[in-house]
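Take a look at the structure set out below.
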Amino acid sequence: MTVPHAQVVGWIEEFASTVAENREYLTQLDSAIGDGDHGINMDRGMKAVLGKLEGLEGDDVGGLLKTVGMTLVSSVGGAGGPLYGTLFLQMGTATAGKSELEPEDWAAALDGAVDGVQMRGKAEVGDKTMIDALVPARDAFRSALADGASFAEALNRSAGAAEEGMQSTIPLVARKGRASYLGERSAGHQDPGATSSYMLLKTAAETWSGGA
Amino acid sequence: MKKLINKPDDVVTEALQGMAAAHPDLLRVSFGPNYIVRADAPVQGKVALVSGGGSGHEPMHGGFVGMGMLDAACPGDVFTSPTPDQMIEATKAVDGGAGVVHIVKNYTGDVMNFEMAAELARGEGIEVEAVVIDDDVAVQDSLYTAGRRGVGTTVLAEKICGAAAEEKQSLQQVAELCRRVNVNGRSMGMALTSCIVPAAGTPTFQLGEDEIEIGIGIHGEPGRERRKLAPASEIVESLATPVVEDLPYEEGDQVLAFVNGMGGTPAIELYIVYNELHKLLEERGIKIARNLIGSYITSLEMAGTSITLLKLDDELTRLWDAPVRTPGLRWGA
Amino acid sequence: MKKLINKPDDVVTEALQGMAAAHPDLLRVSFGPNYIVRADAPVQGKVALVSGGGSGHEPMHGGFVGMGMLDAACPGDVFTSPTPDQMIEATKAVDGGAGVVHIVKNYTGDVMNFEMAAELARGEGIEVEAVVIDDDVAVQDSLYTAGRRGVGTTVLAEKICGAAAEEKQSLQQVAELCRRVNVNGRSMGMALTSCIVPAAGTPTFQLGEDEIEIGIGIHGEPGRERRKLAPASEIVESLATPVVEDLPYEEGDQVLAFVNGMGGTPAIELYIVYNELHKLLEERGIKIARNLIGSYITSLEMAGTSITLLKLDDELTRLWDAPVRTPGLRWGA
Amino acid sequence: MTVPHAQVVGWIEEFASTVAENREYLTQLDSAIGDGDHGINMDRGMKAVLGKLEGLEGDDVGGLLKTVGMTLVSSVGGAGGPLYGTLFLQMGTATAGKSELEPEDWAAALDGAVDGVQMRGKAEVGDKTMIDALVPARDAFRSALADGASFAEALNRSAGAAEEGMQSTIPLVARKGRASYLGERSAGHQDPGATSSYMLLKTAAETWSGGA
């Protein structure tokens, strides 16, 4: 299995509609420990991305992902904008020139995503951020490949790891982002950014493998 | 949700249109990307000051654009940091060849977006110095966290650095001064009521009729502690004590005392707060040499107050007193 | 009731103590009877301006004491006209030998108390001219009633007459000017929420989540009409149309447009209101030559706005632009 | 029957305590059509009067009533201060030098009260003010005397007329004072000032005649 350009577009569209459906949910999570706008911000950004996709030509996956990143940077704002923007920009760099993705390309894209978010936000696993979903997802994808799993199977294990990572944020005290201002009061709530990152990985698995 | 608005999505745009219509003598507003620059920008040979942040804190920052204060402000969506393209356009529009200082409140979003903008601006050959304001003692400071939020000291830094830039101090001098203001300023705030983000339509947090939040930020985020409603004297004590003991301010120090309203609190209450603060500082032998009392850094219609103290020296005092002419702060001009 | 106060009975006294502590460079506060005079009172040879009214409208009037505006203000209890003994003491303290103008808002209580004070002052040989401001178009005017209330035009009259007095215009000139400002000014206000008088502890009126009051005064008294919540554009239309059509302002007229917040409404909303007003007046060919946007005549923490238009001529414009230095309004000094 | 100085003091004290008891009630009436402070204002004023009474010497009823008036003027504020202040000042002028009140003295005091309030406030009967209680009370007292009624009987008829006058304000549209800003919306509510004026006459009747 490889993932052609059109399916990458499909994934982005699917992520956009998942974010739109979960706009209230993400915002609610952010109200508890942040400023109640994560769903609103991501939805505004992904709607802008959908608008950009329409006019897009060619089949360069890297170019596509960079466009997504640039659009998020200039339409989301807040923490989500630079973080998701950098995530997609780095994914785009990792996949520049490809018209379809091999498993190894996606592994490189996930490396770029994690590195980009960490370069921007300087968060480690356990800080109660997106990173808590992204790092396990990247690691699970690579080790699934090492175990000889199929691309589809690896995507599913990656999404499962993201889900666990997302859930692992619940008891944590936030050390990065707005939630960190709450100190101990941030414990007991699921991180909104980790939740949207799980959605990102889950929609990739669903769109490309049919599984979840 | 009861507000004097049209559609929730149009709040920021229409408020900016109102600013543009009201103050053509002081400023110009650009739309898409949104930013505000002083009417005579760029001022050649002067260091330019750019700030920005989420909307909903008015008059900060747009209301501080003008002679003696900011050269540009980048308003984001309500409570959402603006984007790098706003900042880069604003930076280019005000650069007068002497470099640009970005005054950034320490929120992850603001810091990261300004960082990206500064990288881009430097790529285009503009000298940019970024200064991060992190004065909120309600937040425990630590190397491993995002650190303290930027709140009231931001207003004072923008005024003081604006005066220094007007004097044609160099980029390094203005940036250094801004860091000095930050190091000498401390704040803490509280809320009597929540605010309502227009796009959300419901209060960000729920407070009982007899409850208050101590240690809030400026985005409707809950504070560090929920308490029973208390007299102004106790509230001021809870805010001012951690402020005073953090720096620490010492007997004989001269300070600028800034009593800020959160947006829904009227002047009569702010003067009662000031009265308590004045007594508290007098008891500790700290002298209020300058003051600022009013709603300058707000959280939409939130009722509440924040207290900022800035330790003064002769230079800071002189620059504070220098003329300023903006929609939100004006004297001597 | 959630307010930044200590005891409800101490609100006025403590706010005055806060004023005294905050602005010794601008004003002095006397207690028992309560009044505020500018720091350099009496100014010899200058007509003195005295105003006053209930407290709860801050910064009006105490916040307008200082160079270029009022010589004295008499703060009553919250929403209760002050007493003649306050007015007579204030009048004596600021009389510089050129006579004193009493600027009185048209409320039965204010008018009668100022009348008694003027009788007493004249008995002591001080020349007093009283000018009554009655600019509120929400109230039907009639010979047989108490007439219209005095609202937003009061702020403008105090500023403009203060400048004339500073120029050493005579008692008759300043009083005449004050009447001219009143005749050329019109206002109307609305509330999104009620306010709570501290001594009462509960809202003066009850408004549903989707209701507003149109045509309110500044004492939490209900307005002339209760309506469903509407977009800012419609609200501005309901306020500005009766204002514009009352004078009537004509195509080509130059006006000062004053968008006032009632105390609990933040700047971001006032700029949306200003934006609507600007469009409405533009359509009618009326030019806004000057503006004032902010919370200057308030009703405690009430959310809402009032719109005041003052038809300008060259003299009024020049006097409006003249320097003023008070806690609440300051420019050029 | 005559009313000695001590009983005039007793009346003032009784009025003060009636106002204190009805502080909320008067304020409530004023909330409906005014600014919700009439009870608070009158209570503050009458408490100040009680304080002044303590130090008062001599038995001049006129001097006593003038002191009450001056104290109200300088402690009540609003419309109530000058109106009740002038009422008592004029009552004091009408009874200057008397150490006890004959029926004719009280008739003169009531004349002074009405004239004073009308001079200050320029209200007529039917404007929905204090005057709607005071004028009928004055007229009823005089006509009772003309009918040969006793002082006690005349006081009771005067208080009864004040009560009717107070009730007559309910349907009226206010033409004076703060309530007039409401226009038609002021109809259907009893006027607070007429209510406190009724209390003034009722306490006089109760204190001096034992009746009501």
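The letters A, B, C and D name the chains in turn, as written, and every chain counts its residues from 1.
Criterion: a contact is a pair of C-beta atoms (placed from the backbone, for glycine too) under 8 Å apart; a residue touches a chain by one contact, two chains touch by 3 or more.
Only a predicted model underlies this, so the values are computations on that prediction, with no experimental measurement involved.
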Whole-Å gap separating subunit A and subunit C, where each centre is the average of the chain's CA atoms: 56
Chain centre separation in whole Å, for subunit D relative to subunit C (CA means): 32
Rounded Å distance, subunit A centre to subunit D centre (Cα mean): 77
Residues of subunit D touching at least two other chains: none
Pairwise touch network: line, ring, star, complete, or other: line
Contact pairs between chains, per stated definition: A-B, B-C, C-D
Complex contact set, residues of subunit C against subunit D: 33, 54, 76-85, 107-109, 112-113, 115-116, 136, 138-140, 142, 144-146, 149, 197, 199-200, 204-205, 217, 219-222, 224
Subunit A to subunit B touching residues, read off their complex: 27, 31, 34-37, 40-41, 44, 73-83, 85, 120-121, 175-178, 180-183, 185
Complex contacts: residues of subunit C adjacent to subunit B: 2-7, 11, 14-19, 21-22, 55-56, 58-59, 63, 192-193, 209, 212, 229, 231-233, 235, 263-275, 278, 291, 293, 295, 298, 300-301, 303-305, 325, 327-328, 330-333
